[in-house]
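Two complexes, one shared chain (chain A), two partners (chain B, chain C).
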Partner chain A sequence: MPDVQSLVNEFILKLKKRKIEGSQATARQTAVLLRSVISQQRIPYTSQAAALIDAVRAVGEQLIAANPIELAVGNIVRRVLHIIREEDLSLTTAAIEGLNVSSVSDDDGDTDKDDTPGLSAAALAAAARSTLRPPSLQTLLEDLPDSSAIPHTSSSGGDSDGKSKSADKSTRSRKLKHDVIEAINELIQDIDTCHDQIAEQAVEHIHHNEVILTLGSSKTVLEFLCAAKEKKRSFRVFVAEGAPRYQGHLLAKELVARGLQTTLITDSAVFAMISRVNMVIVGAHVVMANGGVIAPVGLNMVALAAQRHAVPFVVLAGCHKLCPLYPHNPEVLLNELRSPSELLDFGEFSDCMDFGYGTGTPLLHVVNPTFDYVPPKLVSLFITETGGHDPSYMYRLIADYYSADDLVLQRKVASVK
Partner chain B sequence: MGAPKKSAPKTSSSDDPEELARVPLQAVLLADSFTTKFRPITLERPKVLLPLVNVPMIEYALAWLESAGVEEVFVFCCAHAKQVTTYIENSQWRSQPNFTVTTIESHNSISAGDALRLIYERNVIHGDFVLISGDTLSNMSLVRALQDHKDRRKKDSNAVMTMIIKHSKPSSATHQSRLGTEELFMAIDPTTKQLLYYEENANHLKGTLSLDKMLLVDNSSITLHNDMQDCYIDICSPEVLSLFTDNFDYQHLRRHFVKGLLVDDIMGYKILTHEIHSSYAARIDNYRSYDTISKDIIQRWTYPLVPDVLFPGDSPTRLDRQGMYCASEIQLSRSAKVGPLIVIGSSTVVGSNTTVVNSVIGKGCIIGSNVLIEGSYVWDNVVIEDGCELRHAIVCDGVIMKSGSRLEPGVVLSFKVVIGPNFVVPPYSKVSLHQQPTVEDSDEELEYAENSSDTIHSSTRGQVDKPNGGSSSDLSEMQQQSIPELGLGGMGYIWSICEGCHEEEWKHSVAPIPPEKLTEITRAIEDDLDLANMDRNAPASSGELKPDTQVDSEDDENEDSRDDSTYFEKEVEATFLRAVNENIKVDHVILEVNSLRLSYNMQSVDCAGAIFYSMMRLASQLSHSTASELYKNVGSVVSKWQKLLKSYLPGKDEEIEVILKFEEICLESVKELSPLFTQILHFLYDKEILSEEAIQDWETEKADADESDKVFVKQAEKFLQWLREASEEEE
Partner chain C sequence: MLLLNLDPMVFVRVVLEVLSELDELWGRCLVWYFIRPGIPGLVICSSSTTGFFDNSKTTRLMLGLSWGSICVHKSPIWMHMTACSGMAVEATKGSMISRVFPFLYILYAQSRRFGASYALPDLMWQYLSGDICGGKARCIAMLKAFQEVIQEYSTPLEKTLSRDLTAKISIYVNFLNECRPISVSMGNAIRFFKNRIAELPLTMSESEAKAALHSYIDQFIGEKIMMADKVIVNHAVTKIRDGDVLLTYGSSSAVEMLILHAHELRKKFRVVVVDSRPKLEGQHLLPRLVREGISCTYTNINANSYIMHEVTRVFLGASAVLSNGTVYSRVGTACVAMVAHALLFWLLTHGKSALACLSEQIV
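Moving on, here comes the complex of A and B:
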């Protein structure tokens, strides 16, 4: 797989150099990369799922290390791992149903070479964990018999199964891979269409003659506002410019091009304007498991202003932005400091950067953080592809998308550090 | 004279747009600064491999080139070429897709000029290339600058180089204290951004600048900058290499090449400037700029070339509050005070009650307790025992500082030096295991002499290594020698600072400028200002003299130019006659006339006139008895050589010039042509050598001339009438 490795390296370089902008693009490219990793991965006859998981995890670790700030990478890696587990699980259940109940007892007595006591203990632990885990909303709704799945969460169940039915084995391994790739394709499609799916809900939230405030520029927000406009809602938008990168200017331009009544304000004017605003709609960089939001700098201030005037603060986020980590995890780097040149002209201030005078310590420090952390209590509503959610509901949503085992991924990286 | 001939075919090939698109962007990285400013460290390791914030300088340059879209880099190594080559072989750059790094080794190059000549001989550069030295640091995007460069090249093939400049605060004190460089003066044409004047050693000029007055003649406006910083990043066309080859005395890129091009107006090569605003670019020229640029990196001006983003390497670095970059696996004592703006490399141990402020500490260092490190650069695997004090010093790999020793500001300790206990190293001293080379001349004027000894690595090495070429016996001998020099158990030599240089030492050191020197500088500036004011108040002394000399020289110039033009005409005529006699192809004649034009500094108008003159002469010299035969001669000559004439008639103005010239010929040199004036004019019009507009303009130009001048207009009256009618009919 030299070509996969070179693809991975190329992507890592891009991440390192911060060449990929925006979490949607990053998420999409990560998913595409992982798809090719999986399709090129040779699968042994036994423990196919474990082999896939190992491969994805190995690549994932490198990717996360390349740009620890872009949490979307880790999210997608975990999503893919979760997909593999799910597909493996559904295949096993299908196989067991076909094989009759006897195979379950067969599982216990089997002296499989991979089925060492350690592994079975791990399997038991995994099983126990999934029983402890509250049933996800999806399973409740789809009314799947959750209990039947429990004994087979680990790959060991599949191994013994494969051993007893060698003819089935090859088709199964091909099937697993195929299914996983299908599911990843779906994931990629989901990422591609997340803007549209979120935008579809715009009419439910934006009403006639309302005033919407946003800060900086977000593709999701743009689509959301335009979708409401297309549905013949007439409303006005205040755009805070989003210093120091001033992406709000671009957003304002874009909104005007689409025929929306737009007002551009400075970031510091937000508090003065907020009393006239009906709703704040913003994009996010990442949504953490506790419902806190990592968002472009300045948003915490906007959220506080909104709370003071009891204006709903709505965050739009595609599912790839949901991060299963808590912001107090030491691995979560909340911020990236960019070049001070976005704030100051180096030439004009070069005399303040002078180290030749006095003690050699410059008196001027410039700090240019990229992100703000907005605590969950300031957020009124999250809108994802699946609909509107309360911040306190985020952990349940995350449980739907990620399997609890994959938090290990992060711990492994930490131990390497 | 060789340059235009050599570059001419190249120009034509690279002007082809397809050709341009096909050539991958190349870069030449000079992994040698050809100076001695980083001695004694550079005796053992090339400058480009010296760590800048714990990463070798060349990494920054390569990372920038890679991200700027350069696909092929030629690293030219000279001093310690083996070390550079091995480093690149083992680096990550080898395995990168779409990015190749090739090393070119040379052992006998002593200057940037030699390096570029060698690269020209290798014939590896095929298109526009980026020329930087390995100690340059930038995060600018090349796209705009490259595009501008290419666009200009399409319009004017003489724009061979684009120089990147950056705004910086205009104060000579700032120049000195920031990068340790002299004040730089540039004159730039504000509309075309052409560089017209470049002077970097302005201090030697005692506050006066003299601009060539021709600059003001040729350019409608000039802006004179002292607030620009030269980034030492150039986008060059392949001609630059051939220029270096043709002018074998070019050594220094700026001092010789840039100034040479600016002075030399024969070839008409131009240097353009491109100003960058928000991006960062700087070059590490001396210890002071090393200090400044390190701090710029820590303050993230060079983003994304900052320790926590681009170079995690084996151990990722994390950025904490107040610009503290800490690698993982470091041991910091709880009582250690690590202050703002510091970088600590992996596996470093810092003992209790130690204070580290504004400093960079490399990998695997062991720092004892009660140590003070302030504004210093400690490289890898350094051992600093308890109670040491370091202020504004550079400490290289493997140095051992015994307990209680102290480094005064500006000290440089080279590799593996050992400082004895409680020893105080005096300010600005440089300590190395190598003895100071006997040739000690770091004066500006003698720099080249020394360069040769620096870069012909073997020779210096020879000098230095011989005394301790052996092993243990020599070492012990050295130890004995140095006991008094560096305290008990100390190893190394303190390089003596020559008398003259001691004054200059503070300028280029890592230590901040001492306050008394600073006041000296500012006072000097004020003095200069006073002086300037005085000058303005008393213009009688100097002010009157200058205009006189100017007038004189102008007169000279005019006479010169008159002489020149007659000579030029004769030369052209001779060339033309030779061409007629030997049946030389028109293209070749054009080439020859072009070279004559360049050497006499003439315009193409003059060429047209001269060629027409020689054609008429030729026609009149051919045997003829009657006017009609003469006309026939003229006709045959003109139709045979019309291509030659036409190539110098790009526009109406030149055509008018030819008509005027024709008048002159008829009046002065070949009078027998005068009755044929109208006929020939008509003939030239028929042959489409002269356009209708040109003839009409000529008529209007003549409208308010003297009666005597109007002879030919009157003669041509009928023809002009016919022309007017024809044009009216057309309308």
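Moving on, here comes the complex of A and C:
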């Protein structure tokens, strides 16, 4: 336990100092950390899921408090909580013996489902609970798992309730943790391969002799464009430089190194160039539950210009960027203001800075926000690992990945069940 | 030498006549080379080498290096040495350059002694290097240069002043256009000036005509530019109320005048200056405002959707207003206007560019 606590503290420190760059790296490290928290957690025989959930919540609260702007941390915490709940649910339905039930669970193929024949009042209630949640499109279209699946070892017998219950619990405790850790491993693998899975869809979206516009630098966008290039599509890219960090310069260099015809433009020239562009492809920092996007600064302008010229605005986002929260005043609450030295040279403006000292309020403010909010009506398409989606479909994806109980992570003083 | 007593105006005329026969780019470079040796050599080198040296790289490199040395040392000795080396190199080529080069060099050396005015080439250089920026400033600078040209102008024999001067002005305008495409304000001023020259009565003597043209230019600058600014500012200042947050993009002289005037009238407001690459003109406007005691916020254009929520008025400067109402301005103005679509949008336009859409249908 103390070992885990030191890991947690180390990670919190890194988050506070903003040492980790990028939401993919943050998500991955959060998942790894939570996996070790779970594996080291000793859980009692009864209500193990609740114990695990409490433990993960405690750690998750601290992590989110360390860097509230990096919503990927909160996303992964909530994903893990959802996984725990799902695993617990599937084990509960599996442990009920003697009756046939086809459990329709709506997680996205994270785990092997243990299907056993069995129906009882509890199982019926569990099945009803799971059907109350809207089934996801994927699970509806997939084949339901056969009832001839490997039966659960503990319920193969089925003599007296008491004996099976105790056997259940001991194997269940091990099974729950095991399943949860397996599911988290799959989650980590998903995070790692999200770029590849998104890039596979590039060919369907980029056609010959197209002109693509992007702003700043995103690894997802880079992989996306290069995948289309490898499939022998020839197209041109306009990269807006993305002041004040000028990450567009890096992206332009990368694209040229991979053989794409690239033009670097300033951000102010975006409106002038957008009429000549076929599609705008950008990455996102976070995708909110209403389909709005928290994106690098300047993208709201690009989205407005694209809407005026009827140019599709495509956002690439891995599913670790999907946040179940709704944005209220995102410009202020979900934004980070950086140092003014990126905009102004302190040396040149030192005399301006001196003014107003006598009066108490400085005369010169410099505003350097990191993120921009793009409302959902400006986004034409989201491309995630699961395919292309409309912004209004985002709530369904969120219902797949997250539970409603986990939206508020602060611990209640009196726990209400 | 029989050229010892060369009158500087004659020199200019000869040069211009010779240059008008040469390739434009080459001509421009010659003018720079001879008349303004302080120019960074690299600019000349690149433009000249692309313009007319169509063979060996070593030639270009040599000439480039020698011209580069001019800017470093700025001494006549280097210039002479460069010219000699250039002549020596070019003499082998047999092109027009080799014929013209020594002639012009000698002319230049003589003209330096007579101190010919270099108003126009100076202006060309200022346009190219970006020293003068902004429609109003360029227009005024051009008109002042024209005033100097008129002053030194003398009508050649058997030619009328109006036709000859108009022809000269056309040549100068072509050169200026090569340096940087002329703005709408400059175009209107040139049209006005040519009209005035054409309207001059033939009975006027040369000195009277020159004085008249001089005063016409002064009148244009005073009325159409300066006075118009004041009137616009007086109208626009009524739109600013206490507690306003104004947003402006880049650095427009009209908007700056407006803000300073409003501050003089003791209105309480603050200003958001939005700036963008590549020129970062807002950084020039910012100290001028802060020094007057106006509280300012400075952002990049990317952040304008963040800052627009607190803004109540947007003031933008214009380079031109077209006859269908479209505003033509610095790149990025459209982005600011678009983001401010829900806000009040006031356009400050200059009298002379508004004149364009009133008097001419095509701009």
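Criterion: the second predicted complex is superposed on the first by the 334 of 417 C-alpha atoms of A that agree within 3 Å, B and C clash if a C-alpha of one lies under 4 Å from a C-alpha of the other, contacts with A are read in each partner's own complex, and residues count from 1 in each chain.
Here is the rule we go by: a residue touches a chain if its C-beta (ideal position, glycine included) is under 8 Å from a C-beta of that chain, and two chains touch if they have at least 3 such contacts.
As the structure is a computational prediction, the values presented were derived from the model and not from experiment.
Following the overlay on chain A, a side-by-side fit with no clash is recorded for the pair chain B and chain C.
Of the two partner chains placed by the overlay, only chain B lies in contact with A:S350; chain C stays clear of it. Look at A:A65: by the touch rule set out above, it reaches chain B but stays clear of chain C. Of the two partner chains placed around the shared chain by superposition, chain C is the only one that A:G242 touches, whereas chain B remains out of contact.
In the superposed model, A:E21 makes contact with neither chain B nor chain C. After overlaying the two complexes on the shared chain, residue contacts for A:V366 are found with chain B and with chain C alike. When the two complexes are overlaid on their common chain A, residue A:R338 makes contact with chain B while staying clear of chain C.
Once the two complexes are laid over each other on the shared chain, residue contacts for A:L304 go to chain C alone; chain B is not touched. In the superposed pair of complexes, A:E10 makes contact with chain B only, with no contact to chain C. Across the superposed structures, the minimum distance from chain B to chain C, using CA atoms, reads 9 Å. Note: residues 340, 348-349, 351, 355-356, 361, 365-366, 368 of chain A belong to the chain B contact set and to the chain C contact set alike, using the contact criterion stated above. Those residues of chain C that touch chain A in the shared complex are 275-278, 283, 286-287, 290-291, 293-307, 309, 330-332, 334-335, 338-339. Contacts from chain B toward chain A in the complex involve residues 67, 95-97, 139, 166-169, 171, 174, 176-178, 180, 227, 277-280, 288, 291-292, 295-296, 299-304, 309-310, 312, 315-316, 318-319, 322-323, 328, 340-341, 357-358, 374-375, 392, 511-513, 515, 518. Against chain C, the residues of chain A that register as touching in their complex are 241-244, 266-272, 297-298, 300-301, 304-305, 308, 331, 335, 340, 343-344, 348-349, 351-352, 355-356, 361, 363-369, 372-373.
Looking at the complex, you find that chain A touches chain B at residues 6, 9-10, 13, 16-19, 65, 68, 333, 337-342, 345-351, 353-362, 365-366, 368, 417.
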